[in-house]
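There are two complexes below, and they share subunit A, which is joined by subunit B in the first and by subunit C in the second.
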Partner chain A sequence: MKQLLYSKRVAPYVFILPFLITLAVFWVVPLGRSFVMSTQEVLYGQATFIGADNYARLWRDEIFWKAMFNSMRYMVLTILLLVPIPLVLAALVNAKIGSPRVKAFFKASMFVPALTSVVVAGIVFRLIFAESDSAMMNQVAEFFGLGPVRWLRGDLTGLAALLSLALWRWTGVNMMYFVAGMQSIPSEYYEAASMDGAGKFRQFLLITVPNLKPTIVYVVTISIYGGLAMFLESFMLYAGNNSPNNQGLTVVGYLYRKGIEENDLGFASAVGVVLLVIVMTINLTYLVASGTFKKQEA
Partner chain B sequence: MAANPPTAVRPTPAPQGADGGERPRSAPRTAAGRARFSPTAGAWIQAGFLVLIAAIALVPLVAIFVGTFQDGNDVIRRGMTFDVDLGALSLDNYVLLFTDSGPYFRWFANSLLLTVAQVAGTLLVSSFVAYGFAMYEFRGKTLWFVMVLLVMTVPFEMLMLPLYVQVNDMGLADTYTVIVLPFLAAAVTIFFFRQYFLGIPRELLEAGRVDGVTEYGIFFRIVLPISKPAMAAMAILNGMICWNNFLWPLLVLRTPEKFTLPIGLNTLLTPYGNNYELLIIGAFFSLIPILILFLAFQRFFIEGMTAGAVKG
Partner chain C sequence: MSKLRNSTAALAAATAVSVLAACSGGGQSAEPTTNADGSTTLNMWTFADVHAAYYEEMAAQWNEANPDKEIQLEVTVYPYDDMHNKLQLAFNSGEGLPDVVDIEVNKFANFVKGETPPLLDLTDAAEPYVDDVVQARLDLYSKDGRVYGFPTHVGAFVAFYNTELLEGAGIDYTTIETWDDFQEAGSKYHAATDKAFGVASTSVNFLEPLVTAQLGGQFFDAEGNVQVDSPEVVEAVSMIQEMQDAGAVSTIPGGSPDSEEAFGAINDGKYAAIVYPAWYTSRYVDYMPDLAGKVAIAPAPVQDGAQVRTIGGGGTGTSVPVASPNQDLASEWLAFAKLSPEANVAVWEELGFDPVNMAVWEDEEVTKNPENKFNKYFQTNLFDVLNEVKDGIGHLESFSDPSWPTVDNTFTTVTLNDVYENGVPAPDALAKAQSSLQNELGQ
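The block that comes next holds the complex of A and B.
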């Protein structure tokens, strides 16, 4: 027995065993139950099979669609902000000119926001986007000749606050992804291009961006599921899961409301299943497109 | 990680470390090096722009620091402002924090304990698993590794409800065990360690086998001791995730004595709270351990936090 356990044939399974157990106990079983529960009405521990009723209810549920719209909108806008801006900043930091001290200071300053917890970041942004005339963002608004804005009361202004929070926390991290990617682009490419008379801007568009494609694909992918799964930012900014007209409600927020706050486990599971299917479809598409499966087989 | 830019063409190595490390002082002081950093107009504009952006990024942090000297109720009511009344700043909040802060340092200690335990456990278990994936050929390897990648890319928010139901049924709710246990075999950490182990020459393992070291002995006695850089990056990453962990503890913890720092701070935010003095300074102090670690080990932070990237 002991000899078998120590053999080279069995050892790899012993090594990956903790992962297999975790996968089974904390992923497969709960998610499987989630599928089952989504076809049930679960009340006080009593489960009754009701087929696709939860999904039918979901389809007709306006608040669910509102939450889905909010999540999708947030995801698209974070991608539009959190890819180009960090990319340009990374190019600036990676440029040959400039003082290394300034760049080091810049990189550190951009990275620090990612170290804050969503609780602290949420508290601070809630106070920066407060309603009074003297709150920071209203002082900025006043500088541009705009009256005091009740940021978190309006749909689009609330969204602006959420996006500012996302931009603040993740610009630095995405920038570091791009910097790492840029440093593996051979400098001969740039030398050849500048001999051909290409300016810095053309070099950025014709060499940097195409060569960063794997990094860009990766950052877009994490932004897709990070955006769709967004919940805590809104939870902290609105100091709870309720916002005016559900303007800050996301799909995960709705799942939390139904499953945890209202204990409607069957319906909440249906919300979870729909979200999981969307995210897994995106992930599998990405893994196939990036050739991950092929690399493993080779 | 990313390869160094080729240095054959230019004799001067690029001043930025390839892994984002900051080593300005080791930049070579050769004539060529100096010439490249001569302050041209372009460099000045670039520097000005970068400093401006950095300053904007630091505003929220400076605001919370200034907030620790302000009247808490006033800050909560009127928001954070550029128009700080310097005359009204005081150390009252600091006195309060260190004399009458109720459960604050209890939360702090809980977070500290939980972070240390989780980091130690995660590093051990995840590197163990990663070694299996990196060093052996076995049936089902591709399938199981794809599972790691899938788990890595499913946000926890999707799992929270079924996992919550599951641990309630297992009778594990309101325990620290359940905060730690599901995440010991952490996918991103496994992925990172696997990449690192793949770079270790197999001859080293064969030499161990010839000397009669067991398969597990090779991992613990040969591979782990030479994996300190990977350990450091992952310790930082997991430490930060754990210190800031909010959603899962929010779901499972019920007893106030067990609250961690983020959960405790969140309870201070209630509309009928009368602890707003503590909220701002408490939030600020929760940042300090991480900021200190960041200043000391910046390179490992950046390496760890960008670990998920699949290098194309």
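The block that comes next holds the complex of A and C.
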């Protein structure tokens, strides 16, 4: 026994055991059970095996595809917004210009939204984007000479509200990732570049961005997952899971509607399994394409 | 060093054990829970603050009348969606269930799915009161002849008119009897004031079932297959769409009169006529103080020569989970708290709802009480209106169909938006709803 515990081959596994057990109990087992449930019709105390019926229904289900479209659209747009904008802000914060105290305040205030609860933020955004002409966004619209906009009624204006919530909430977090990444880039690179006559912009493009690649890959990967798994933001913004023409319905929202609100747990499990397959496919493809699995050349 | 290693291994093992232990959880005891003073604690969930106050009142009355079977009622109020979702999960896992629970009518069908519903059969508990209670409202919470929940109110549709605004436009609301009259008055009002008259809700499916029932239609056929493109439903939705084109009804902020944004708009006089279930009285009194003394209640508009003049809309069924260790006492108390004459007086006085026990409707001491806050608020008496339409209160069977929650969801997210917001002709929108519902329900 003692020998086993002291053995150099076994010790690492002992150390990662807590993680493995957590993974098994909270991830692998529920996943397996979800898969089993996705082939069943689940009612109180009775589960009947129905094969791939749930998947067949899912395939024909327009609302599921609508939800998938919404989630994909949200995921792509959040990546397009939440990588470049925080990257530029991080470069500004990291630059030598400006007083450090102002920059520290700026960093802190950008990060504060990430600490607030999505529930509170969602309610505040709902009020900001309310239909009445005294709501904040409608006062802004009025300033520009536009009539009151019914933000959460229209498809694109509703999407704009969702994206602004995401932008408000995650810009600071992503900016922090990039700032941390930038600080680990050796300053010699920049000195050498400026001696060779490269301007600030070329330095940013040719030194900062390539050296930040691991950070960018990480941010994009979690954004793919985060975008496709988004639920709470839309749930709070639309004050529930139902939005006009399902414009705010996401895949997870649909899973929740089917499983929890309509007590069709078998079907909801099928939605979950399909979402997992899609997220894993996109993320693995992306990680392979970006070369993450290749051995690092020193 | 070796000490550290040992303790790390021990820590890892301890973590693993505690994680596993946390998952196995403790079972529920099936013993009735009697307190030291001989009373029994009943846990109850509801989704409305006002309901909680009412149930506490009924628990106090019960304890006075039954000193040998005292109960200690612990009411927990959760938000609407949270409560139903929590209940769903509790039923599926069999853990953490209350003894008594309020279930909203649009969610009720979810809880009686399958062969073995997790709710207690309350048919026997209802027995002493069943003759006085509106049968249609019991049917709403019944399946296969067994009663699984007790109703709170009838919720008969009535019309609320802001008489100050109508007089300003030269309209006398007492002349409005049919939907044609309603449309005529509405377009006249709209033309005179450029303001909205009635409401076309997009997030609540109420007017459509009312008009469908008045036309004698249903949302399902005799076999329970969805049929939202039936001639009556098409006629009902087309009629409301036509009224919208004529300016008699308009969409409202928040999607229905029963939302915070709408309360503000109605209170500001932006809408003059609301056709809604009788329980909407409580919304006026609680959320629209500026309209006190300016609103009259009248019968809902009808179709010419219709048998059914109005139906019940909305509602809450109160049930007892089978798993409750106190199920006998819980169902006995619940029958008292929901169906007895005392309870129904309280339903009116506390909540302002139209009670299901019709004996109360005739009791003028209760209904005409000048001190009652609802009687003070409105120009006309709710019970005068209810007694006038009493013989024409119908029941829309579709409301108790197991697939109703799905139909209601499609209407309030897609169909009604298509029709009233995007101007899709009613027959097209309903044909689309029919095909997507058939797929969703596998019919």
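Here is the rule we go by: the second predicted complex is superposed on the first by the 259 of 298 C-alpha atoms of A that agree within 3 Å, B and C clash if a C-alpha of one lies under 4 Å from a C-alpha of the other, contacts with A are read in each partner's own complex, and residues count from 1 in each chain.
As a working rule, a contact is a pair of C-beta atoms (placed from the backbone, for glycine too) under 8 Å apart; a residue touches a chain by one contact, two chains touch by 3 or more.
From a predicted model like this one, the values you see are computed outputs, not experimental measurements.
Enquirer: According to the stated criteria, A:L265 is in contact with first (subunit B), second (subunit C), both, or neither; which is it?
Expert: Both subunit B and subunit C are touched by A:L265.
Enquirer: Return first, second, both or neither, reflecting whether A:A47 touches subunit B, subunit C, both chains, or no partner chain.
Expert: After superposition on chain A, A:A47 lies in contact with neither partner.
Enquirer: Among the partners subunit B and subunit C, which is in contact with a greater number of residues of subunit A?
Expert: B
Enquirer: In the overlaid three-chain picture, which partner chain does A:N242 touch, first (subunit B) or second (subunit C), both, or neither?
Expert: Once the two structures are laid over each other on A, A:N242 reaches subunit C alone.
Enquirer: If you stack the two complexes on chain A, which partner ends up touching A:L77: first (subunit B), second (subunit C), both, or neither?
Expert: After superposition on chain A, A:L77 lies in contact with neither partner.
Enquirer: Taking the superposition on A as described, I'd like to know which of subunit B and subunit C A:Y6 touches: first, second, both or neither.
Expert: Touch partners of A:Y6: subunit B and subunit C.
Enquirer: Considering only touches as defined above, state whether A:P18 meets subunit B (first), subunit C (second), both or neither.
Expert: Both partners, subunit B and subunit C.
Enquirer: One more residue to check, A:L275. First (subunit B), second (subunit C), both or neither?
Expert: first
Enquirer: Could you say whether A:S132 touches subunit B, subunit C, both of them, or neither, answering first, second, both or neither?
Expert: both
Enquirer: Quick check on my understanding: which residues of subunit A belong to both its subunit B contact set and its subunit C contact set?
Expert: The answer is residues 6, 11, 14-15, 17-18, 21-22, 25, 130-132, 260, 265 of subunit A.
Enquirer: Quick one: which bits of subunit A touch subunit C in the complex? Just the residue numbers, please.
Expert: Touch list, subunit A to subunit C: 5-6, 11, 14-15, 17-18, 21-22, 25, 42-46, 57, 60-63, 130-132, 153, 240-246, 249, 257, 260-263, 265.
Enquirer: Can you name the residues of subunit A that touch subunit B in the complex?
Expert: For this pair, the touching residues of subunit A are 6-9, 11-23, 25-27, 29-31, 33-34, 37, 89, 92-121, 123-125, 127-132, 134-136, 138-139, 168, 171-173, 176-177, 179-181, 183-188, 191, 213-215, 217-218, 221-222, 225-226, 228-229, 231-232, 236, 239, 252, 255-256, 259-260, 265, 268-269, 272, 275-276, 279-280, 283, 286-287, 290, 292-293, 296-297.
Enquirer: Give every residue of subunit B touching subunit A within the complex, in rising order.
Expert: Residues of subunit B touching subunit A: 1-6, 9-10, 14-16, 18-20, 22, 24, 27, 36-37, 39-40, 42-43, 46-47, 49-51, 53-55, 57-61, 63-64, 67, 75-83, 125, 128-129, 131-133, 135-138, 141-142, 144-151, 153-166, 181-182, 184-185, 190, 214-216, 219, 240, 243-244, 246-247, 251, 262, 265-266, 269, 271, 279-280, 283, 286-287, 290-291, 294, 298, 301-302, 305-306, 308-312.
Enquirer: Under the touch definition given earlier, write down the residues of subunit C that touch subunit A in their complex.
Expert: For this pair, the touching residues of subunit C are 2, 5-6, 8-9, 12-13, 15-16, 19-20, 23, 81, 84-85, 88-89, 91-92, 107, 110-111, 113-118, 202-203, 253-255, 261, 264-265, 405-406, 409, 412-414, 417-418, 421, 436, 439-440, 442.
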